[in-house]
Structures are given as structure tokens and as C-alpha cells.
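Residue numbering begins at 1 within each chain, and the chains themselves are lettered A, B, C, D and E in the order written.
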Amino acid sequence: MTGPNTLPTLAVKGLTTEIPSGGAVLRPVDDVSFEIHPGQIMGLVGESGSGKSMTAFSILRMLDAPGRISAGSIQFQGKDLRALDEHGMRDLRGNRIAMIFQDPATSLNPVLRIDTQMIEAITAHRRIGKRAARDLAREALAKVGITSPDERLLAYPHQFSGGMRQRVAIAIAMLNKPDLIICDEPTTALDVTIQAQILAQMQALCREAGTALIWITHDLAVVAGFADTVAVMYAGRIVEIGTVERVLQQPRHPYTHGLIASAPSRNPRGQPLPQIRGMVPPLSALPDGCAFRDRCARATSVCHSVPALEHMDGRLVRCFHPVMEEGA
Amino acid sequence: MSQHPNPILEFDDVSKTFSQPVDFAGRIARVMTRNASKPVVNAVDRVSLSVSHGEVVGLVGESGSGKSTLGRIAVGLLQPSRGTVHWQGKPLEQLDNEASRRKQLAAQMVFQDPYASLNPRMRVVDIVGEAPVAHGLVQKKDKETYVADLLQKVGLDAAMLQRFPHQFSGGQRARIGIARAIAVQPQFLVCDEPVAALDVSVQAQVINLFMQLRAELGLSYLFISHDLGVVRHMADRVAVMYLGRIVEIAPTEELFLRANHPYTVMLLASMPVLDVGQRRAIPIAGEGTSMETIHSGCRFHSRCPHAVPRCQVDEPKLREVAPGHWSACHLNRQDD
Amino acid sequence: MTAMTQPQRESAAWQRVVRIYFSSRTATAGALLLAAILLAALLAPLISPQNPYDLSRLNLLDARLAPGAVSTDGSLTFLLGADAQGRDMLSAILYGMRISVTVGVVSTLIALSIGLIVGLWAGYRGGRIDAILMRLVDIQLSFPSIMIALVLLALSGPGLGKIIFALAAAQWAYYARTARSTALVERRKEYIEAATSLGLSDARILFRHLLPNCLPPLIVVAALQVASAISLEATLSFLGLGLPVTEPSLGLLISNGFEYMLSGKYWISLYPGIALLLMVAAITLVADRLRDVLNPRLEVRMP
Amino acid sequence: MIAFVLRRLMQSLIVLLAMSLLVFAGVHAIGNPVDVLISPDASQAERAQIIAAFGLDQPLWHQYILFLKNAAQGDMGTSYVYSTPAFGLILERLPATMELAVAAILIAIVFGIPLGLWAGLKLDSVIGKAIMAASILGISLPTFWVGLMLIMFFAVQLGWLPAGGRGPTTLIFGVPVSFLSLEGLRHLMLPALNLALANVALITRLARAGTLDAMQQEYVKFARAKGLSSARIVGVHVLKNILIPIVTVLALQFGAIIAFSIVTETVFAWPGMGKLIIDSIRVLDRPVIVAYMILVATLFVLINLAADLVYSLLDPRVRLAGGTAQ
Amino acid sequence: AALRIGLAADVSTLDPHYLNIAPNIALASHMFDTLVAVNPDGQLVPGLAVSWRAVDATTWEFRLRSGVKFHDGTELTAEDVLFSLDRPATLVSSPGPFTSYTKQIVAKEAPDPHTIILKTARPYGPLPLDLSSIFIVSKKAALHAKTADFNSGKAAIGSGPFKLVQFLRGDRIELARNEFYWGEKPAWDKVSLRILTSNAPRLAALLAGDVDAIEGVPAAHIERIKADPNLHLEQKVSWRTLFWHLDQSDRPSPFITDKAGKPLPRNPLRDIRVRQAISRAIDRQALVSRTMEGLALPASNLVAPGIFGHNPDLPVEKYDPEGAKKLLTQAGYPDGFALMLHGPNNRYINDAAVVQTVAQFLNRVGIATRVQTLPLSVYFGKARNGEFSAALLGWGSLAGDFALRTVVGTSNPQTGWGSWNWGKYSNPAVDDLVRHALSSVEPAQREEFARDAAGIALGEYAVVPLHHQYATWAMRKGLKYTARTDEFTFAHLFHPQ
């Protein structure tokens, strides 16, 4: 959005995903739009179940049946991904668009050696000899800070610590020098020190290679220190999106505001933390209109219709009653 | 260093090692492979720490540093390999049957993973109500009302009695875990990373609940976490563990303002904060040493930016660097 | 605190189980079939045209009459034919199902209980107890059921109880192994630790906590084992180690008719075979679904 | 791992001891072999004399001690009926049974795994459901019945395959095997199929359950995100994971196959151990029964051991060093 | 030409003196001869001995056939015969030795290479019959030979119509024609005997053309084979008689109670009227035609018609349920009682079915009858211990007095009599007659005694005879078999048609 004036790496417009479920249709992703440019890092934040992963899988067209994309467009480097056939998608996945998952323990196949899992990711996309592929794999491991990569290639995932496993996953994602990496909460399961290392690494790698990065997380603090832009999701919709500075320092949406306010570091020690009342409603029982209205102190009767995502203070906000006070 | 008033629970030089028992066949095999070492993990190594009545002691440290093991020793799930645990001033092994049963119930644990710690095939009413009924704290017929009360206390709807764990959100599950622990009317709670798996907004609710319970029931806590923000908010004192040892203990504010041990400093530095613009790129500083590869000297020396040759040889002892602030680092004083 | 404020009574557990169970069409068909079979077996004395166990009712002159033939004394029609003793096949099948169901289900239940307890205990306690119990399992596994059946037969003659015992003895080891391997995984989970720290007794933890979580894979194994118990009983009968010949189970009927398959009198073996097949299919269908139903995850997450 | 193997072998020795004691007591309980084998015209005195000659009049523990003494010197006794060392008798039959069991297991693997994979991947397809239905059939029909039907159909009606017996054998490393000649293979086909059928069904079900489970796993999703073809995902990522339970069950099944080979060998006149043991049980030829059971128990121990080792090969997470591993 | 035969039972060893079981004897008969042979009708005929006679009451003289050659070409002499007669007693580790047939001989000598003199301790008429069970082996080959030597063929050197080619235990035996054979040369230069112990598969093998002939055709398939134009069936009344041993001991019988299940004070089977009633209640005709599918002959004797000692005057019991009821009433059981019949389930043709059928009949006359069938290994031991009230036994013998001695003779471990007398029947008169018969070296006189003894014993229902089994063989069209009453299958008795 605010990136340089080039072709965006990814432009998502009005993306809506549906899951038919027992007569009703659930909409875990509802009218999601954003753009991301080369070298940019976008944080996608929201509570569990807000549709972050579904958005990611929709972009990769990897929704499990019976889920399907029902509307919107996904332009990747100007190409419409929705128009691509499965074969075309497979060529992109892991090649031009890579994804890293939340849990380092489960995203690597426990019974296959690291080299197998790395080499297959290369040979699936490039006509290249085994040996050359192995060299690439070794390089990639070294790049993410794994010492003695030659030995490590022969190891199995369980022989690695969580942090190292996640680094392997990152290395796999980077193998084919993709233009876009989607990271689905890749550090939530890790130690703070390791998380910090990985964040730094990813940042450096993206800047270097001009790779665009979507960083899914529910940790606002991570986004604060790391991303350029941030999109806050709530119940399938983006409720606020803009640069990190704007959104985190002056949240306009009551939900964003509430999230930031409840962080312990923003509160005096030992005092009760301000909390957002209630909890995220399940998809099957969303209120009509603004999904947040039941939990929102500012809600009025207008909130029974869906607010539009509107420009405000250099970011987009989806609220009839944005928070206007300064600071959070 | 245990002159705190009125400790409810006290670790006195406690160690826990995990090793494979070696039987006859194992011995033969060891001879055959000429492998003399016995695989041992010193999960907790000579830890002394006390928790006073009504106190919250935070326990931080990286993954695998022995926090959970220490917590398990506190509630009696594990027996220390060395050292003693004192309960209200008395060594555990000197408690008679009745007293140790009471201790068993009085020290409870809230587990790390709110889902794995709930039996997936039991309903909430049983998860929470089973133990109090089994121990005769309540009558069987009163179970439902008792559990309903507890649920209300932890902020859950009493109508959810008959549900299974999976039918709850993460925050709700954490509350069930808490309700289960306080159902047997404990005085001391070990909270093993109780908010790590929770969403931000829910995390606030649960932290508030802990503080509320502390105020209402006068509970003492051993609060394990690696989220320094949460610990800072909750704890009166904080102990930092690294590879089985406590490397620093200090009153909370003191620790966050004047961290002494290099590991604590590194920990504080890698803690993400919600302040925009603080873009720090931390260089990759080694991979954490593992328990199996400790040889000698300071356990942190391989990752320590300030390591001196002595750190490879001598193991530093805890020293008081400021009132109530203890740290184990050679850089503090060079004399001995 | 929660969005839901109105405390509504939730429907009783069994109602939900029933509702979920019958939401699958195959499972419903399986249940109906099983119910029909069980009913037929239960009511066999009332609905079968003949009491096949009453030797004074059988007439040798009716031997091997084809389906649809009328008996010599004209008193009944052999809808499914008659066997070599002049026994009405339909009646024999109805009574035989009764026996086979009993044999299959009871022996499986016994084997399951023993295996479960042994397996859970071994998995829960580990160490030496585990080693001893598992070697016992090894012994059992290499001991052919034919041997056990023969020893029992020698010691106390043929009979339902002994066959059940022999089958149970032959099968508990399978359950013990399966149960142990699940128990090994489950006992490391935190909910077991939680139960321990709440001061609950070992027995309680074993049966109330560990057992329900180790049961689901066993249910599926058990359903298959009911089938194999029934067919093992048939095999024992085939080898002459089964039930009393005058009170044939389905297996014994099949094996008695076995000889006649080559000579065109297919009904003596075929119809009991079909009955056996239907029975086993029904049990398998029901068990598959039961496992799903017992999985609390299948209950929809409610607001 | 060495410790693991050693520990297992030591435990096995105890298993074998217990086993032989049980068999002794069992055979003793069943009856007296002399009653079955004695000439009809023999007098009571002759009977008593024969019983004494075999030591069967001694107390059971006495007989057992004697057996142990001899066994320690490698003598497992001489068959009453065959008048041949019992162990040799069994070893003589072992290749035939092994050939059959291995063929059956191979058939079970070759058919069961693909069918299970298919049924697991195409859950709701007609074929998937048909596979599951057929698997019920495979499990529920008694072995002997299926065996006869196979003979009826393939040997009598179609005349394609022989009705029974073992084909000509060739020696490989001194072991007579029959699968090397076409005629031998033709003889092997039906009994192996008979023995395999229930196992095909079992493996199919297992493979299906495993596939269902594996397809839900994050690593499969990750593999897709890497852009791998479905063939590679199923053929490598899923397959290797489902093999683990299958290997365990197959090892368990191997024993069952040997047990059921008793029936199959009887029906197909296959000159293997199963037929020998059933004949021996019939006439209470105790040395043969004891030797057989000890051999089978040994096989079991070895197979389970091998299964555990294979298990640790397939699943690198399994550490055999652990106390008293599976 | 080659012949492939499916055998119903496994041959355990080729040592003809090791184990006295039918399959071993049948096979040995292919390779070895006996002094006295048994013809297809069960009569004794010259074998290696061209003639024999009792010189006096305890001395027998056998004249050997001359020019008989063993398989290895050496000539048979009296030396070999004496060796063969001695050999059974040297095989001490046999559970079923042949010593029962040599133990009467107290001295033997060979005055010349073609004459054998045998002496018995007491006058003993059945000596030639006994000798029909002892195979003559070549001393040269069999001296010090072990079982393994016979199995490998090294010691299996006889004078019989076939030579051993290969013995694959449990699978098959390959034989080749003995070109030196002294008798009629077999029509087959190669014979393969295949072990097919299960009934249906054995028949299937014939149907599939895997074998040319099978023995022991399952009763269920007789009709089918008769109807099949490609097959041919041979059958003959066998020497095996099935009968009931009824517990006649003087104590409450283990499996008899009143109908309510309470024990009876006396054993009703001691009453001859009760035994007669049981006999009358059985419709042997129906049993034979239905249960046995025609594969049997109603019996009145312990031995089959045509066998030595068969008493033709004994009538087959008439089916008379009313008479049976009357007899029961007379005996004091107007309401009958409860009885358990025991039988084997893997020994005789349709044995379990026969037991069931009899139970059917007994139920009709008011005896509440149940059935228990057991495998042989369990059955014989229990029956011997007198654990049953009514037990089915099948007996095959070539001499009536022999059968009577063992089956109904007063049980006495000293004399060896009544070793199979499960019912514990005892009548000194019968014993006396049998004793006379056995000690008669004059066949006609001996048969007289035997018939009389049978008359008394069966008249008193010492046992209740059911039927004589038929022995059956099925073969492809174009083959013929000279059916044998002793049920043995001999390849040399098959002929192309």
C-alpha cells in the first residue's frame, strides 16, 4: 500500500473463503484485501480463529475440502492465481511462494532425513542433479545459522531442537529463492532468545533478496519490532491495516486498541490488566454487522451493518466509531 | 540464603538427574562397546529457592533449563535426586502420612499446555470435581454445585459443567486447569507457563484471574514462564535458570532494571516489546548448549559475550550483588 | 465473563451419543442389521420353526432335504433346507447365531478386559513389571489356540464355556500389546500428571483416566477380533475341538456343511456362511461408528 | 541397542523355559500318547511296559528335568511316531511353512498397502467403500472354508492350478524351496492366497487408518506447500509413516499366520510344520509338540526383535536403548 | 505307466516294524511281503510261505517260497525270516510295537533255508494270522539299521512288488516297480502316493486330476461320484465294525442320571433288558442309508461277514421302538433316564454324525440322550479309564475270537484279555469258549468255538453292534481296483480297465 511504486508482489482483493458446514456456510475469510511489495514485511495479526491461516492457505490455494474461495482476486506478480490450474499452482508453491508453518515439531516429516526433505523441495521445481541440490541445501542451512550443515543434513528432525527445526523449515522455504514467503506463526512455539534470532535472520534475508514476507502472528510485540505494515484481523475480516507505526502507536479500531491496552508491559506492575470482555465468537455464531460489536464498549445500533474499510490517518479502519484518543 | 520470613516451600540444594537404569544386559553391552559413560541429564542442579506465604516467585529461563522439573519436584510429581524440599519448615521426608497427603493437596500445579493437561474424555464436572470427592472434601451429591461455584470463581459459566475440554477455547481451558487445582483448596500453586498458549486478549483475563485468586485465597505461587513481560507483571521476586542452575535471583524491579548475569541481560534483550521503532537485529549467538554437553565451568560461557578464560574452568557461585539480588557470574568479583 | 449468560441444561450424554451415531447412514444400517440379528438370536426359541437342539424332534429321514422341501411328517417346511441330521437349517442358523454371538462377544470381552488390564498396567508402571508381562504376552502369542482348546477339552470336555475360555486365552495378548503401546504414549501426557498430583489412587488413574483414552483403538481391534473369534471357533470346530455337535454354532454348521459343498448340497454350508458374514459386517460397522461416537471431539463445539 | 538385543535374548530364554513347562503340563493333561498309538492287540501288560519305556509313568517334574537335561545337550527328544529326532523333523518342515508364510505376507503387503492407501485417499469414492466392504469379507470368512472354495474354483472348476501339495523343490543353500520353478509357484499360489486373504484385509484397514491420519498431519501440508507432486507425497511422506504400525502388526500376524497355516496346510496338503503339529497333537507326540512350540516361540522372539529393529529403522524417533523397550 | 494315489493318512516311517498303524502297514505292504498274506476278502493265503501247518499243538512249520529275490537282487532265505521275526522286539522305543504278534513264539529255527519251525508256549491257533502282520526284511540291509535308514531307502529292501524311490515325509512317497517280484507284476512302473488327509481336498485333488485315485471317499460325495461319468467308485464291506460299549460295571455310571439330572442309585445298563432296549431303539437301516449314505452294512457281529468267526446265525436287531419302550418299562424305567453318548470325531466315517443319529433314536424311546464327541487323543484315554457310560468304538479284526478276547473278554491285566473292554462285560462262559478257540490249531474247530462265543456275548448285548463300515475308493474312469476288506490301498491292486 505504502510501498514503492512498483508492481506489488501480491495483491489480494476482496478475498472471501467459504466452508459449507451442516447446512450453513462459514466464512473464515471475508472480504480481505491487501498488497505487499518486494522486500516488504507485513504482519498479519489476530486472535486464534480469526482467519489468518485460512487467508494464507487461500492464497496458496491449499484449502482442505470442502473449503473454497468464493470471491475476490489474488494477483501474484500480476498473475491471477485463481485462474491457474492445479499444476500451475504446484509450480508456484515452494518455488515462487513459500510457506512456513507454526509448529516446527510437526511440519517436518519425522521419518525422513533432513537432506531428503530439502532436496526434494529443490528437485520438484528445478532440473538439477542430486549433488548440486545437496550443495544448495547445505548453503541454505548455513545461511540460517546451522553449524556443521553437512552432518545436519544426515540427521532426522527429532535430533534437532525446536529452534533448529524451525530454521530448517525456513531454510527449506528459502531454497528456491521465492518472491513471497508466508510465515504462519513460525516462532510462537520457540524460546524468546531463539525467536529473536530468527526474526533478525528473516528480516535480513528479506531485505537482502527483496523477498516479500507475510508474517502471521498473534503477538503484537513481534510485529512492532519487525514488520513494516500490519493487518489486524478479527473474525475473518481485516479491521485495521496500515504501517506499524500508525497502527500500533495510535490504534483506531477498538479491537486493536483493546489488544494493545491489555499487554502487561503497557500496564503498571501488579495492577489488573484491562481486558476485552467476552471472547471471539465462533464462526458459526457471528453477530450480524460488525463482528466485534458484542464485545465493544462503543457499539451502537449502526454496528448492525458491516462497516466498510475506510481510510483514516494513513491507514484503513473498519469501524463506525474509531478510537480517536491519542496513545494507547 | 533462606532467611525469608515464613517460607511455605523451600528447595534446599535440590538436584534432579535423569538417567537410564543400567541392568545386566546394559552392562554387558557397555563392556562390548567400550562405552563407560552413563547417560545422565542434570535437569536441576543444586537449586536453593524459597517461596514465602503469599509470595509470587517468577521462574524464567530458556526452554529445557529445568523450570518444569523444579515445579514438578515442588508438587511432589518427581522426587529430588539430592537435597530436600521443606514444606512449611519441615523436610518432606519427615512428614507423616496424613501430613504428606495434606501437602500433596496443598501444593498444586497448573500445567503448561491447557489442552494436554485435561483428560479429553472427561467432562468438566469430573475433571474439576473428581479429586475433592475422592478426598472427601465434598460430598458426592454436592459435587455439581461445588464445581459450579468454582467455575464461577474462575469466570466460567456454570452451564458448561457437562462439556468436554475440546469444547472450550484456550483461555477457558486454562481456567478449567486452574479450577481443578484450586478445587482441592491448595495454599501453593505452581503455574507452569500458564499463559504461553493463550491469545493476547485471553492472556490478560487469565493473569487477572491469578492475581484475583492470590488476593482472595492468599495463595503463594511459583510462576514459571519465559515470557518476561508476564513475569514482571506478576512476580515479587524472579529467579533465572540456565541449564539446571539458578543464575540470578532478585526482586522483580531490581532484576529488570539492573540485570546482572549476562544470560539475564541477553534474555531481556531478546524480549519483544510493543514499542515501535526499536528494530534490533540480534546476531545469532550459538545454539543453546544442551544438558548432555555440559562439562565444566560456567554453563553459559560458550554463548557469553563477556566470557573470560576462568569461565571455562570454574563454576561461579551465587553471590549477593545488591540486597536480595544474587547472581552467579565471575565478572562480579574477581577475588576468589 | 462469557458471551453465554443463560444457563441452559445441556441434553443428556446418551442422547447426544445416539444422535451422533445415527447421523451416518451406513452406521444406521449396521445397527439395524445388528439389532435384527441380535433379536433373531435372542428370540430364536420363539421364532424358529424347530428346536434344533431337541434330538427327539429331528428326523433322520429329513436329512439333507433341499430348501423349500416339506418334512417327512409334513409338519414343517425347510425354508433353508435341512442338514445331515434332518435339522432345519433356518432354526439351526438362528440358534447358531445365538451361540456364535455369545462366543464371539463374550470371549472378546473377556480377552479385552484381561488384555486391557495387563496392557495398561504394563504401560503405566513400565520397568520390570512391563518386561515380565510382555514376556508373558510373548508366551501366549506363540501358544496356538488349538493347543489350549485341546487341553481344556481333555480336562473338562466340550462346552461353550471352555471354547470361550480358549478363545479368550488365545486373544488377550493382542489386546495387551495394543493397550500397552497406547498406554505408553498416554501416560506421559500431562493430564495423567495432573491426576497424580491431585493425589488420586493408581487404580483410579488407571481406570478412570488412562483407560478411556486407550480404549478407542482397542474397540476397532475388538470388533475385528469378534469376527476372528467367531471364525476361530469355526476353525476349532472344523478340527473337532469345538462345541458339542448337537448344539452347533454357525461355525460348526459351516464346517459340517463343508463336506457337502462339493456335492451340490450347498445350503448346509452356504446359508450359515452368509449369516456369519452379515453378523460380522454388522458388528464391524457398529464398532467403527462407536469409536467415532466415543470420541468426544465429534461433539460439536458449542458457543 | 546392543543392550536392547541382549536383554531381549536373555528374557527370551526364560520365555522358552516357561513355554516348555507349559507344553509339558498341557500335553500331560490331554492324555497319554500310548493310548492313541498302541497296537489294538496289545495287552495291558504290554501297554504298561511301553509307558514305562517312554518314562511316561514317572512324575511330570521328573520327566521335565530329564527333558531339560537332554535339551541342554541339544537333544529335544525323539518323535514317538516318526522315530526321528523331533527338532530335525520340524526343521525339515520349516522351509515349506516359511515359504508359505512369507508368500502370504508378501501378498498381504503387495495388495493390502495400495488398497489401503487408495481407500484412505479416496474416502468417499465407491471404490474406497467397496474396498472396505471387501475387507470385512476377508476377515469374517473362516480360513478352511475359503480354502476349499479356492480349490473348488481354481483347481476343480477352472483347472488352472493344482488342488494341493507342494511342487518340486530346488535346494538353495541346502534349503529346499519350491518357488523357483513354475510348477512350484503354481502349487504355492492357492495356499498362499488362502493364508493371505485375512491379512490383506487387515493390512488394508490398517493402511487406510494410517493414511487418513497421516493426511491430516502438518508435514503433509508442508510437503504440499513445498510444491511436491501428490505421487511423491503419498509414495514417500505418507507411505513411510504408515509402514510403522503395519510392520508391528505384521510381526504379530506372522505368528497368527503360522497358527493358521495349520488349517491351510491341512486343506491344501502342504507338507509344512502346521500339518505336522496338528498330526502330532492328534497323537500326543510330545517331543514334536515341545520342539515345535520352542521353535515357534523362538521364531516369535526373533521376529519381534527384528520388528523392533525395523521399527527403529523406519522411525528414527524410536530409541531402542530405553529400559525395556517394546 | 504311472499311478498317483491320494492317501487319507500320513505314513510316519518306512520302518515296517516300528509302529503298528494302518497307513504304515499299507505302505510297507508295497515294499515288503509277509509269510502269510491276506487276500482282499480277509482270508489268509500264502505269502512268502507257500504252506504252513501245525506239527503239533505248539509247533508250526512254514515252508518258504523259493526263488524270491529282494530289491537288491539277493535271495530271500530262512535267515531273513528269523531276523525279521526277532526284530520287532529290538525296537524298544516304539509306542505301538509289533511285539503283540511275535510274543507267542518262544522258539524258532530254520532246519533248512526254506523251512521255518516256530514253537509257542501254549497251543495258539491264530499264529498264522499274527504272522500276516510281520513284514520280512532283508537281514543284510536291515541289520543295525535305524529308522532313518529305512526312510532314506538304504534299509528299505524288501521283496514286495515295489521299490522305494523317494520318501518325502508328510508329502508323498514315490515307488517304482520291482522287476524281480515273485508274484503278479504290478501294472505300474511308477507310483506316487500323495498324503491328502482332509476329505474334501482329497476329493478335489481327484476331481482336479491331480491324482488318479483316492482312498477313503467321504460319504457326502458318494452320490456325486457315482453320477460322475469320469469317475469310478469301488467299495467293499470293511472289516471294521462300529458298536457301542455300554458301561456294565457295578457302580453308578458316570453319565447316567434320571431325567431331572439326579444320579441313579443303580447302573441301568447292567440290566440286559435296558441294553436290549437300546439295541432295538436303533434303526440301523436308516442309519446306514441316511447317516452313512449307504456306506455301511447293519451289523449283528463283532466281525464283518466273511471274516473268520463271523456268526451268521446272529440276526441284525430289528428296529422296534415300541418293544424298546416295553423293555424299559419292564426294567423299571418307564420314563427312561438320561444318558450321554460319547464318541470320537475324527476316527471313523461320519463318527460324530453316527453318535448324533443314535442319540436321536434313543430320545424317541424316552432315553433323554445327549452327545459328546471328542478327538481321539482325548477320547481313547478317557474311555480306557471307564469315564464314559456309552462309548462308540470301531474294531477291525480278521478273526472273531481275537476281537472277542480283546473287546468283551473279562478284563484282566495278567492275561492281557479285555484290554479294550470298556464296558467291563464279563461272562466266564464266553471267556472259556474264546480260550478254546484261541488254543485250537485246527481252523474249523476254532471257528466253531469263536462263533459260539460270539453268539453268547452278543446275545447278552455285551456290546451293541451298529454297522460294518464300507471301504471306498474313487478313481478316474479307466481304472479298476480290487477292493479290500481290510481297507488297505495297494497300488498293485489297481489295474487299467
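Just so it is clear, a contact is a pair of C-beta atoms (placed from the backbone, for glycine too) under 8 Å apart; a residue touches a chain by one contact, two chains touch by 3 or more.
As the structure is a computational prediction, the values presented were derived from the model and not from experiment.
Minimum number of contact steps separating subunit C from subunit E: 1. Ranking all chains by how far their C-alpha centres lie from the centre of subunit B, first place goes to E. Counting C-beta pairs in contact across B-C and across A-D gives the higher total for B-C.
One simple way to say how far apart two chains are is to compare their mean CA positions; for subunit A and subunit D this gives 53 Å.
Each chain gets a centre from the mean of its Cα atoms; for subunit D and subunit E, those two points are 38 Å apart. If you average the Cα atoms of subunit A and of subunit B, the two centres end up 32 Å apart. Put simply, the C-alpha centre of subunit C and that of subunit D have 23 angstrom between them.
Multi-chain contact residues of subunit C (touching two or more other chains): 1-2, 127, 150, 153-154, 239, 258, 261-262, 301. In subunit A, the residues that reach two or more other chains under the touch definition are 279. Those residues of subunit B in touch with two or more other chains are numbered 21, 172, 205. Touching subunit E in their complex are the following residues of subunit D: 30-48, 50, 53-54, 78-84, 89, 92-93, 147-148, 151-152, 155-156, 159, 162-166, 266-269, 271, 275-276, 279, 281-284.
By the touch rule above, subunit E contacts subunit C in their complex via residues 199-200, 203-204, 207, 218, 220-221, 223-224, 283, 286-287, 290-291, 345-346, 352-353, 355-357, 359-360, 363-364, 369-375, 377-378.
Across the complex, subunit C meets subunit B through its residues 1-2, 4-10, 13, 127, 189-191, 193-201, 204, 208-209, 212-213, 294, 296-297, 299, 301-302. Contacts from subunit C toward subunit D in the complex involve residues 126-128, 130-131, 134-135, 138-139, 141-148, 150-151, 153-155, 174, 177, 181, 184, 220, 224, 227-228, 230-231, 234-235, 238-239, 251, 254-255, 258, 261-262, 269, 273, 276-277, 279-281, 284. On the side of subunit C, the complex with subunit E involves touching residues 54-56, 58-61, 63, 84-86, 150, 153-154, 157-158, 239-241, 244-246, 258-265.
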